[in-house]
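Quick heads-up: structures coming right below.
Next, two complexes with chain A in common: one pairs it with chain B, the other with chain C.
Coming up: the complex of A and B.
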């Protein structure tokens, strides 16, 4: 167990170092800078700015300066929002995206798992077809279409909720549904195909032969085994949904993290790009670690050791 | 063993659940208290999060709109974009136009401290200080030694800004600058509350607690990326005259969402509705048009064939049907441009318009355009090298570029022409490096004088990315900047514009308009022609 964790920790740190190095030099290679605009600055002002933000230092020095800040947990000030630090931006907007992400994932899990199991049990009956249709729609309708459609129907036409902004629980409904569509569809399909597969397994037949109740077979043996691929999918999915979606947050004017991912690149907001990349990487790797841990819980064949098999 | 495993399962589930819950619990703040009916409230969609509200460092429109509500300069712009007394009750200008003496009124900061001339001196020198590294420090290059101080050549004491006493501010200029008074109305020249700024030099403008202002409103709540709330400032010198109790600026970026919110009465004032909805909104009176001091144009790289030949540049400029472009593509009733300086700027006689006096410098004439192209050696467009139109990735720019390409194909017979789009930063870089043949561009006024559209085209100016230069043009601009007589000054600018349009390194397309939407109960909002800000100082609500 200890070996497992220390191995994982070392690989995570190495991966982080690689990712941040790659991102740092990658973003410096892109033409343009954080203070470019259609109005050119007089050379004296350009020089003052470069000096203040250390942009005229050699690239390697900029990199080591940045990295030493990161090690202390300081992601630096944003170039675009000079009164705010990257730490502040993440601290303020991550909880918003996370709340929305929570709702969306709970929605996706509850609907997706139920539909998946149901359609597997009622294979080729109307419940199955319904679930497949829902899953196909969830897959194929892009979130910007779904979000705009929901906003048009429920806010504009019916007037049940306000079109946008953040604050009340009613305002989480439409964006959460828009966010949940794709993971719901994925979970439904994963669950359905795995259930169908598991139900053909020998141990299910053994269980039936032992005279176990159908309910017990489904709950204790079939669902639990069919859950594995869903759990695998859940790790990266939670990481991506918790860190927000550019499209959904823009359409519903939600002050989450997702908008910054895209805008920071457009703005060449170097410190924010770096900060978000590092934050997302850590989050994603932690999620994957949790997934690996939960394998051990769900699947008795998996053991956490540091040894190579 | 089984028990043990169940225990692990339980613990890990609890850990995951706890993680989810802490994340969920993070910002369960109650929604902003909905203001009661008796309060006069206006909600305006500022469109995006302000980058910074530090008056020395801000550069854009969302910032300026908030700052105009929170602060006041020596002057304020009225509904005719003319400077009227603000913090300065009165002023004197020396006959040579080089020395301004401002007399301040009794006014207070939002925390009750008096506003003094020292606050202005401090704020202006802070804007120029190289250590502040302010992008818009050139807004004070007009001041004696302003540029030299900003470049680190002289000390702050040598700059021509001096508080004689608490109520008198004396400013010396490098050269007569007739628009200096209106400059004092702009956010970068606002005063700051010295003790607060000295205590938090880099962060004071980031929190409502330290955003001490001297304007009609004061900040009470700032939810980043969501909204900025202000209430009436009881310490404002004309507080009795301010009719709005609460101003809420939202930061909704999507145009469609903005329109849906406007329709649902979630916001009262909005700008730039989606272009597909524009004609409907203009027809039913929901949207109104406001002239704007900015020009949409294409620029030629005069060092790259075929645009190294002025005849070709002119031919291309004359072969565009601007009105058709406006009617079918841009659709916001912009004004076709046959010169570079927009309407709305004063001539020598301030009651006359610079553009109207100057008139059009060319007209659309396909026959003449074909003749010019033939004269340049490309009859019917034959022999022209490949031409690439550069624009930054954006649907509106793309539509315009496509329309131009069609017009040039049809009217001039130019066949080998294509479009290139680049992401904003890359596009700016290509322009700067001269790595283009013809590119879209736009320019908005920094102040209310034709000079803001003309001095950028002097040889080697950073904004002149056409590689074009003309010594005669440079001389005229230099003359206009140094002469005190308004007649001579304006004439020099007219002559300069004539040269620019004769040699045509730029192809003007249209003068912008701003499209604004107001709920019927919102009255008295002023939109100055510079920047198109929403000014709520004189606004009121009438339900």
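Coming up: the complex of A and C.
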């Protein structure tokens, strides 16, 4: 167990170093900088700004300066939002994205698992077709179309909720639904195919031969074994949903992390790009670690050791 | 003749596929007495397993369905029993062991849990008692350190040990009938012998009746006193072990026995096989189903199915050759 964690920690740090190096030099290669604008700045001011943010240092020095800041937990000042540090931006907007993400994931999990199991049990009956149709729609309708449609029906036509805004729990419903559509569809399909596979297994027949009720067989024997691939998918999905969606956050005017992610690149806001990338990477790797840990809980054959396979 | 525990009368089971109705079992009739061990032998696809799974009502429906006949067990016709009543019989009055012990146990559940769930369901024992019973069962099937092993998962057991666990699960509620569907096929030879020995011991201890399904005639001899030979969904010959093995009345049985490799054969001698293929059960033949492969087939064999006839006390054969006045053929050379 200790060996497992220490190994994972080392690989995570290495991956993080690689990601930050790659991103750092990658964004420097892109033409343009944070302070370029249509109006040419006077050279003196330009020089002053570059001095202030250390942009006229050699590239390698900029890189090491930045990294030493990161190690201390300081992601630096934002280049675009004056007087705000990257830490502040994450601290303010991540909780918003996280709350929205949480609701979306709970929604996707509960609906997706139920639909998946139901359609497997009722294979080739109307419940199955309905679930497959929902899943296909969830896959193919882009979130901005769904979001606009939801706004039109529930906010404009029915007037049940405000079309956009953030603050009350009612206002999380529409964005959460639009955010949950794709993962719901994926979970439904994963769960459906896994259940169909598991129901063919010999141990299901053994369970039937014991005289267990069908319901017991499904809950106790089938679902747990069908859950593994869903758990695998859950790690990256949670990470990407928690860190916010640019499209959904923009449409519903939600002050989350997703908007910063995209805007930071357009603005060449170097520190914000780096900070969000590092933050997302750590989050993703932590989620994957949690997924691996939960394998061991779900499947007793999985043992967490530090050994190479 | 002891009181019959199980009576299968003219059982017909079909699978309804896109291609049409596959008649997997076409009128099977046999009976099993209390404490009796009967072998059901035949080649792959002859309907042995379908017969066994029909008794347990484990045929997946759709596509499979019992289309005719009755399965009398303890005064009830299992073929017509509602599912809820059937649950009380499965695992309780009839236990079943399957072919592949590697896949027949749930990988994410402890052995103990898989053993106790049947005990709790059928005997209504509290959890603690059921666990005690599970340990006893593991000890009974010869698993060392049962109180430790009961907490382990299937992947911590070898193939032979898993089959012992399967036997323990099947016998946990002291069923009156044990159906073993090729219990040794997936095991290597030394383990096969151990499992058969174990089943024999348990049968003698508990007086459980056994239906042993196999295509391994060597396994039959170790455990059973009576043999049913099945071909193309029908029982073509039945009788005591000695009768069927030493005085086979049906050319199919004879060919099967001749196909068993002999230890005293010369090394370079070719193995004997039965030429041809079993009939297509989508369109079963009009006459005797073995006729196309039978070296003694006559014209009537192609035209009308033979009736079952007693050739000796308790030895029945379905073959036109057993009719009085039929040509005498010599089935010599067996053993």
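Structure notes:
Just so we're on the same page, the second predicted complex is superposed on the first by the 309 of 309 C-alpha atoms of A that agree within 3 Å, B and C clash if a C-alpha of one lies under 4 Å from a C-alpha of the other, contacts with A are read in each partner's own complex, and residues count from 1 in each chain.
Going forward, a residue touches a chain if its C-beta (ideal position, glycine included) is under 8 Å from a C-beta of that chain, and two chains touch if they have at least 3 such contacts.
All values derive from a computational prediction rather than experimental measurement.
Once chain A is used to superpose the two complexes, chain B occupies space next to chain C without a clash. Among chain B and chain C, the chain that touches a larger number of residues in chain A is B. Of the two partner chains placed by the overlay, neither chain B nor chain C lies in contact with A:150.
Looking at the shared chain after the overlay, A:300 reaches both chain B and chain C. Of the two partner chains, chain C is the only one touched by A:221; chain B is not. In the superposition on chain A, A:30 makes contact with chain B only, while chain C stays out of contact range.
In the superposition on chain A, contact is made by A:242 with chain B only, not with chain C. Of the two partner chains placed by superposition, only chain B is touched by A:93; chain C is not.
Once the two complexes are laid over each other on the shared chain, residue contacts for A:81 go to chain B alone; chain C is not touched.
Using C-alpha centres, the superposed arrangement gives chain A a vertex angle toward chain B and chain C of 160 degrees, stated as a multiple of 10.
When the two complexes are overlaid on their common chain A, residue A:38 makes contact with chain B while staying clear of chain C.
Taken over all C-alpha pairs, chain B and chain C come no nearer than 5 Å in the superposed arrangement. Comparing the two interfaces of chain A, the one with chain B and the one with chain C have residues 298, 300 in common.
Against chain A, the residues of chain C that register as touching in their complex are 56, 58, 86-92, 95-96, 98, 100, 103-110, 114, 117-118, 121-122, 153, 155, 166, 169-170. Put simply, chain B touches chain A in their complex at residues 5, 8-9, 12, 16, 20, 23-24, 26-32, 49, 51-54, 57, 59, 130-135, 137-138, 141, 147, 150-152, 202-206, 223-227, 250-254, 256-257, 260-261, 263-264, 266, 423-426, 428-430, 432, 441-443, 461-463, 465. Listed in rising order, the residues of chain A touching chain C in the complex are 201-203, 205-213, 216, 220-221, 224-225, 298-301. Contact residues on chain A toward chain B in their complex (touch as defined above): 30-33, 35-45, 48-49, 51-53, 77, 80-84, 89, 92-96, 98-99, 101-102, 105, 148, 151-152, 155-156, 159, 162-168, 171, 242, 250-256, 259, 266, 268, 290, 293-294, 296-298, 300.
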